[in-house]
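Given below, in the form of structure tokens, are the structures.
Presented sequentially are two complexes of chain A, the first with chain B as partner and the second with chain C.
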Partner chain A sequence: MSRIVDVLVVGSGLAGLVAALTAAEQGRSVRLLTTGMGSLAISGGSVDFLGYADSRLASDPWQSLALLPEDHPYRLMGTESVRTAFKFFSDTMEKQHWPMRPALAQDGTPRNTQLPTIMGTLKPTYLLPASLNTQAMASAKKVLVLSVHGLRDCQPALVVSQLKRYKSWADREFTQGLLPSPFGETHRAITALDLARLTDKPQSRQWLLDALAPYAGKYDLILMPPLCGSKANPEVWQAVNAAAGCPVVEMLSIPPGVGGLRLRDALLNALHKHDFELVENTTVLRAETADKNCTSVLAEASGQQRRHAARAFVTATGGILGGGMVLEPGQCWDSVFKIDITVPQDVTLWSEPQIFGNHLFSRMGVRVDREMRPVDAAAAVRWQNVFFAGRSLGGYDYATEKSGHGVAIATGWQAGRMAAAAAAAGEKQ
Partner chain B sequence: MSVRINPDKCIACTTCVVHCPVAEATPKFLGPRMIGPAYERFRLLGLTEDPSLHYCANCKNCDISCPHGVPVSSLNMMARADQFKKHSPGLRDWVLGHGELMAKWLRLIPAIIKNFGMLNPVTRTVLDALGIDKRAPLPAFAPQTFRQLMRHVHQPDHKRSVVFYPGCYVDVYDPRTGLDMVWAMNRAGYKVIVPEELVCCGLPMVANGFWQHARSNAEHNLKALGLWRDAGLPVVTGCPSCALMFRVDLPEYFPDLADKYGACRLADAQEFLLDAVDSGDLSLKTDGKHTNLPDLKLIYHAPCHLRAQGNGLPGLELLRRLDGVTVENADAGCCGISGSYGFKKEKYDIAQTVGSELFAKVRESGAQAAVSECGTCRVQITHGSGKFSLHPVSILRQRLEAR
Partner chain C sequence: MLETTVVVIGGGATGIGTLRDLCMRGIPAILLEQGGLAHGTSSRFHGLLHSGGRYAVGDNESARECIEENMIVRRIGRQCIEETEGFFALTPEDDPSYVDRWVEACGRAGIDAPEVDVKEALRLEPNMSPEISRVFRVPDSCVDGFRLVLHNAMSARRHGGKMLTYHEVTGICQKNGKVCGVTAINKNTGETVEIACSMVVNAAGSWSGRIAALAGLDVAVSPDRGTLVVFNHRFTSRVVNRLHPGSDGDIFVPHGSITILGTTSMPTDRPDDTTPTSEEVLRLLKIGEPLFPRVREYRILRAFAGTRPLYTPGNAAGRKASRNFHVVDHAEQGLDGMVSIFGGKLTTYRLMGERATDRVCAKLGINVPCRTAEEPIIPDPDEATLARAAKYFPVQGIKLMADRMGDDIGPVLEQAEKAETNPLLCECEMVSMAEIECVAKDPSTHSLTDIRLRTRLGMGTCQGTFCSLRTVAALAEHGISLELSPTDNARRFLQERWGGLRPALWGMQAREMELGRAVYAGTLNLDGAAHEQDC
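Up next is the complex of A and B:
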């Protein structure tokens, strides 16, 4: 590890990848260190921007931003910056031939979509692959719910019985269907990813097209698990929709995250066009700082410590499960910079009795200024060239707000942009 | 083995299943999450083994992708060793696990006869019956091993020395790469010592279930390497799998040996050279009269065992610093071979499926050659794509020595 890079990003979740790409597109050299593959491997692939604000469903999420607390990352950045970040992400996906767009209301304003999950519940989400026909979803009368034999995770009967409980879906005419498995009897339960990977390849795609043929033209809408390829490839979509003879909507699925892999694929493809280096299987232990700057991070890799020097740093290490935050009774700190995160001494206060409630542990995280630089208790910037992004930030609750990927994109973009500027300033000195 | 790994750090997030090339290629494999941590819980209770354990290629993409640092592949290898204690592995697996020993036994036979003996259609049919697929690209023996050749190499009298561990592939099949490495180290101002006493790192033995042989090789190597380490000499290897074995696997598999002999980490030779470039010891200016070499377009494949080391891709970085060379990172996952895995009859097709994305990228790249640090990856790439392939250090030498 000899080269001093402009921007060093820690973490390869959505926030880390967006930060890396933002900095790289500004002409900066970028190195990304990662433990594991990041949460996109378990993501459904749509972008939740803001599903609920102040416990109310947000149909127009932009309108609902004002209801968020002042220290929420969106509020810190300001609506205009969040818009620019989303535009950056959408443009990137457009260039990668995997457009991600919001559904539009009658008056043309973007709004949240209630997308069905394979559990038959509805989840508000914002950016969807453009191939998902939201108009058809809203208006379809005859709906076919499909799964595949051997795909235990998706049971059409459950989807139908659950969906019928929602007013918007109650009076539709549902049919259930089970496609034959292209694998026959298998040693393990198959997943949507196994099937999507078959659909990736033109030579094995035919199984899905053939399986859909008996249903073609008989329905207004087909709901199915994510089977239309594991890569950001619109060709697969066109073929599947043509074979179905009606719009196909993929329901949000549990891991493995087929949809998330499409996003990861697109972002990495974009990154590899730049001066970008991915260092896998390494864990950052701590940062080395001098006065108001960070000079390097120390990482552990295959039993040895390595120093990674850079001009600016983005930390997108995730939350408690992702390893970005470390908890002990009465204490919490971020794993790289060891910034203390204030928490009550009494750990019983960290959670709520309501399991689906807004728990303190899901809002814990590093406090930053509007440029995503961590601040101390007196709101003073700790280091000039360190920026945080994604779930390691405090002040938002992705689980109750349904805002995880949205915050990752917005703060990743902001952190990447600011890190690029800090690196440019550092280079001049 | 003296320590078992706690499987309970696994939260069953399935990230490893997503990135397992074998699970992608065949539904016959239960997948890393199930075979590794989930079955480990059964194993600790003394319950039976899952029959698909043998499909694990030990490529370590599960370890690379795990967000919680669970060494999934090690769980699999330990389970395989346990299984082979009860049912000994067959002759085929012995042969594939002991390439170095075989080469030693056959040393007195000239390579041309050896290769005729090993690679002719009759032998291939016999090997095929034994379980080594006749389509598999078995590498040919070199006329002389790297270590035999090294005895006659005249090196400049540099003050600084570096110890080079060639690894079996370079020693037995590909001495050219070893000589290129010596040339590069010499150019960087180091005399190269190639100890005769070092043996195979043991990775092929582990992968094929010969735990005790791997252990005795490990003990032999650690004892020998300890002496060089204590003498203050850097020990490097150009082979990612050997490096990974010494760095990560040996301390995990045989913690008592690691305690007894201390850490013996092989440094990555490509990183060593890159550092030499940075410090000014190694010049990347060409020696030849023709400074305007034709441009060279390459495609690089990162071996899984290199990615698992968390060391980045120093070989790629080195190539990118050469004048007139453009290198595309294929970034297409595993090549499928995993040492000897892809030679096995019941796994040949899986290995070809795993490598197919890489082969297609290599073919479509328009590159003049493919580059990778790993010897068997190179064999597999050439077999699958038809494209000639080289170690980065060979490109380095070709470009700098050009006349």
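Up next is the complex of A and C:
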């Protein structure tokens, strides 16, 4: 058996990475086990804090917290803790030279931004990379919408036709353009990630700068799919904005999640400054518990089983999508601790007839206390040194609320902090 | 007012098959369909071209019709059929004494059903249960019901036939006990359409009782609801039936990369009662397990339901009701000029059309023989056309495309030749831009769902998660507009897919469904946009 670490985190989505970093910054040794890339590999890269509450658009999300149900993770933690968690995240990103900031209202209060997507819809989101100029987005009159030849997921005509259906964008003057593909004639389907990876490297970045040159200085704003690199590298942005001669805003895009990979890059860079070990391509099979504590988890990598012991554990395995929560007819449980989540026997009751309705399954998850420790039906803590974070928690619907990354940051921070404290207590014993 | 000789009601296999037959015999005809083509049962069944083995014991006459038509349809409709053959397998839960009766009945119906050594059967179908004790080989096949209807429609059109889709019949006009016309409402525009005619063929399937009632006739047609499960794997190469008297959920039918298991049987009073339930899905899995023990581990793609039009004079219901069809001349009940086709099944659609057309001919005093059993529905594309296609389509996709498109292969190729590139927009089903563009421009196409039914767009693993965005984007870029806006169209398309995902919301399918919600709600805010656009 390998050395006992202080905090073992399972899952490398945003919640897992934030938990790991929180614990590491408190001086704890941290090991993170992950099967794949986590949800950041499909994320658009902006932080949705709370876009809708009680089915109403939230312009000031902090005000709207009061509209959430009591068992919502934000309510459970309390507004002040959520604020502290967000500050921790923002500070981290500043230090990594990849600032994530909210737009500000006239009176200086932070508010949600309606960010355009590659479908031409607008999505309320909270923290944006500082490279996205929200001021320019609000005031631009002449807007150029660009995509790249062969990029099937983003077509300027769709973006323009749909953006025009919003009052705030209806009067703007739109122009459409297609940049030549740097791959030339190819039958292979290209994605924004292929293009962003070219942009990462200074020697191959030039294709984008050259392609933008003919448009330089003619517009107030350029909307583009996420092409400006897959790493949290501000240099790329400076170069792209200079080549465009106006602010460039990337539209939110579907998987592969270029924007999310930048967040992952920044957080891993921060983590590697600490006593931190990343174990990839490993699947946690189950937890081993004794009494009121977890002692280790059993994981499998390349057909080999290995036991990972730790003083405290954070489970951030994602929900249904990440595989952290398993649904079977009439049953639901979490994949590591096998906590049985009470659900109606009749699967029909799990969902609504409308696809974006108020589904029960979307809020299924592990119940926790304020400290993110799982509790049983009688509200008693199951294990003293186990903490849950992110979508494996119940009580919220990240998709319709637009709260996914926000809950991940808040609960990841809380779980990481509590796990660090539990590990410290365990060490003393 | 439109004028024709015969109005055919119902745009499923039977109605379109009848229209084709009428037109091939030179009789002017117009077909009315309340939805799109194959809106009803012809797109909501397991896609089995019966050998007749299923009916051999209980309904030998149906079995004989099945095997005869099976052989004809594979000849004339090659593009719609996958000649898989089928197994009938005896599981420990089935009565062994049934086997002799079944073998004897197959022989009587003319169905070639030799016994296969169990070891050999398991070698051919390794996922089948090793507990199986006897296996028989029959000429079952798989049929794409929607494509069959579409190709028949293309053929009918070539012979001068006219079709009005999204037209719901509102009245059968009669004068002195004789049919003189039909009224319908255009469901897209709300306009009323009148067609003067001398005869009506009621081929409305599950709705045929309602059409008869419109003409003031009382007929016993009981819709019977059946639910089916689609798996995301092809775990069998052949159709596999349980060797026992006809019952729920005991036939597995492979199609392309998927497998369909069906069906249940439950009476309903609504022909459009097509919402499947989780309970039915679970029941199907239970009944399917003796044939394929790992059936619960296979990922379910969706569930769907359809209604069968059972003809039930004398109150025979459910499984006991005959699957046989009846061509009824309502002159006997005092309405001259109306012929109804009741009951039946897809396998015998052509024969039903032939019998109905024979009756129409007799009434009209026309003496032209039926040719539908001889002429292929769609002519095969020539070598030169296929060589042209090779430049624009991935090599594995050419045959798929040619079989799908039928008569439209020419326009699709022209489209591909005109365009700069011809990317695949739906990777699961290998549907390319040229096909989608060509179908989207067809006047009968109103929505992404119509494009799906013609091309299989969004019917594969991702269930529309990637291809619906790509398709609305490509159509916008090419300046092709449909009735709904791109975002509304995508939303409705995903909603339609959602109906089939809901009853099996577990396992891998639940994860795939969450990916769809992550993309369309989480990232693209399609749900919020529904309220915020146009305001």
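By our rule, the second predicted complex is superposed on the first by the 427 of 429 C-alpha atoms of A that agree within 3 Å, B and C clash if a C-alpha of one lies under 4 Å from a C-alpha of the other, contacts with A are read in each partner's own complex, and residues count from 1 in each chain.
Basically, contacts are C-beta pairs under 8 Å (C-beta built on N, C-alpha and C of every residue); 3 or more make two chains touch, one makes a residue touch a chain.
Quantities reported herein were computed from a predicted structural model and do not represent experimental measurements.
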Point to revise | Simultaneous placement of chain C and chain B on chain A, clash or fit | key: fit
Practice item. Based on the superposed arrangement, let me know which partner A:Glu280 touches: chain B (first), chain C (second), both, or neither? Key: first
**Study point:** chain B versus chain C as contact partner of A:Gln429, first or second or both or neither
**Key:** neither
Check your understanding: If you stack the two complexes on chain A, which partner ends up touching A:Ala299: first (chain B), second (chain C), both, or neither?
Key -> first
**Study point:** Which of chain B and chain C A:Gly323 touches, first, second, both or neither
**Key:** both
Check your understanding: Looking at the overlay, does A:Pro255 come into contact with chain B only (first), chain C only (second), both, or neither?
Key -> both
Practice item. Scan A:Gly36 for contacts with chain B and chain C and give back first, second, both or neither. Key: first
Practice item. Answer with first, second, both or neither: which of chain B and chain C does A:Trp350 touch in the superposed model? Key: second
Practice item. Spot which of chain B and chain C makes contact with more residues of chain A, would you? Key: C
Check your understanding: So, does A:Ser362 touch the first partner chain B, the second partner chain C, both, or neither?
Key -> second
Review point. What is the minimum C-alpha distance, in Å, between chain B and chain C after the two complexes are superposed on chain A?
Key: 6
Practice item. Share the list of chain A residues that count as touching for chain B in one structure and for chain C in the other. Key: 39, 42, 187, 255, 321, 323
Study note, to complete from the structure: So, in the complex, the side of chain A touching chain C is made of residues 39, 42-44, 48, 51-52, 57, 117-124, 150, 152-158, 161-162, 165-167, 187, 189, 252-255, 319-321, 323, 327-329, 346-348, 350-351, 353-356, 361-362, 398-400, 402, 404
Study note, to complete from the structure: Residue set of chain C touching chain A in the complex reads 277-279, 282, 394, 421, 423-425, 427, 466, 469-470, 472-474, 476-477, 479, 485-487, 490-491, 494-495, 498-499, 502-507, 510-511, 513-515, 517-530, 532-535
Practice item. Note which residues of chain A are touching chain B in the complex, please. Key: 1-3, 31, 35-39, 41-42, 183, 186-188, 190-191, 193-194, 197, 255-257, 261, 268, 272, 277-283, 299-304, 306, 318, 321-323
Review point. Which residues of chain B touch chain A in their complex?
Key: 11, 13-15, 17-19, 24, 27-31, 34, 52, 63-69, 243-244, 247-248, 251, 263, 265, 271, 274-275, 277-278, 307-313, 317, 329, 331
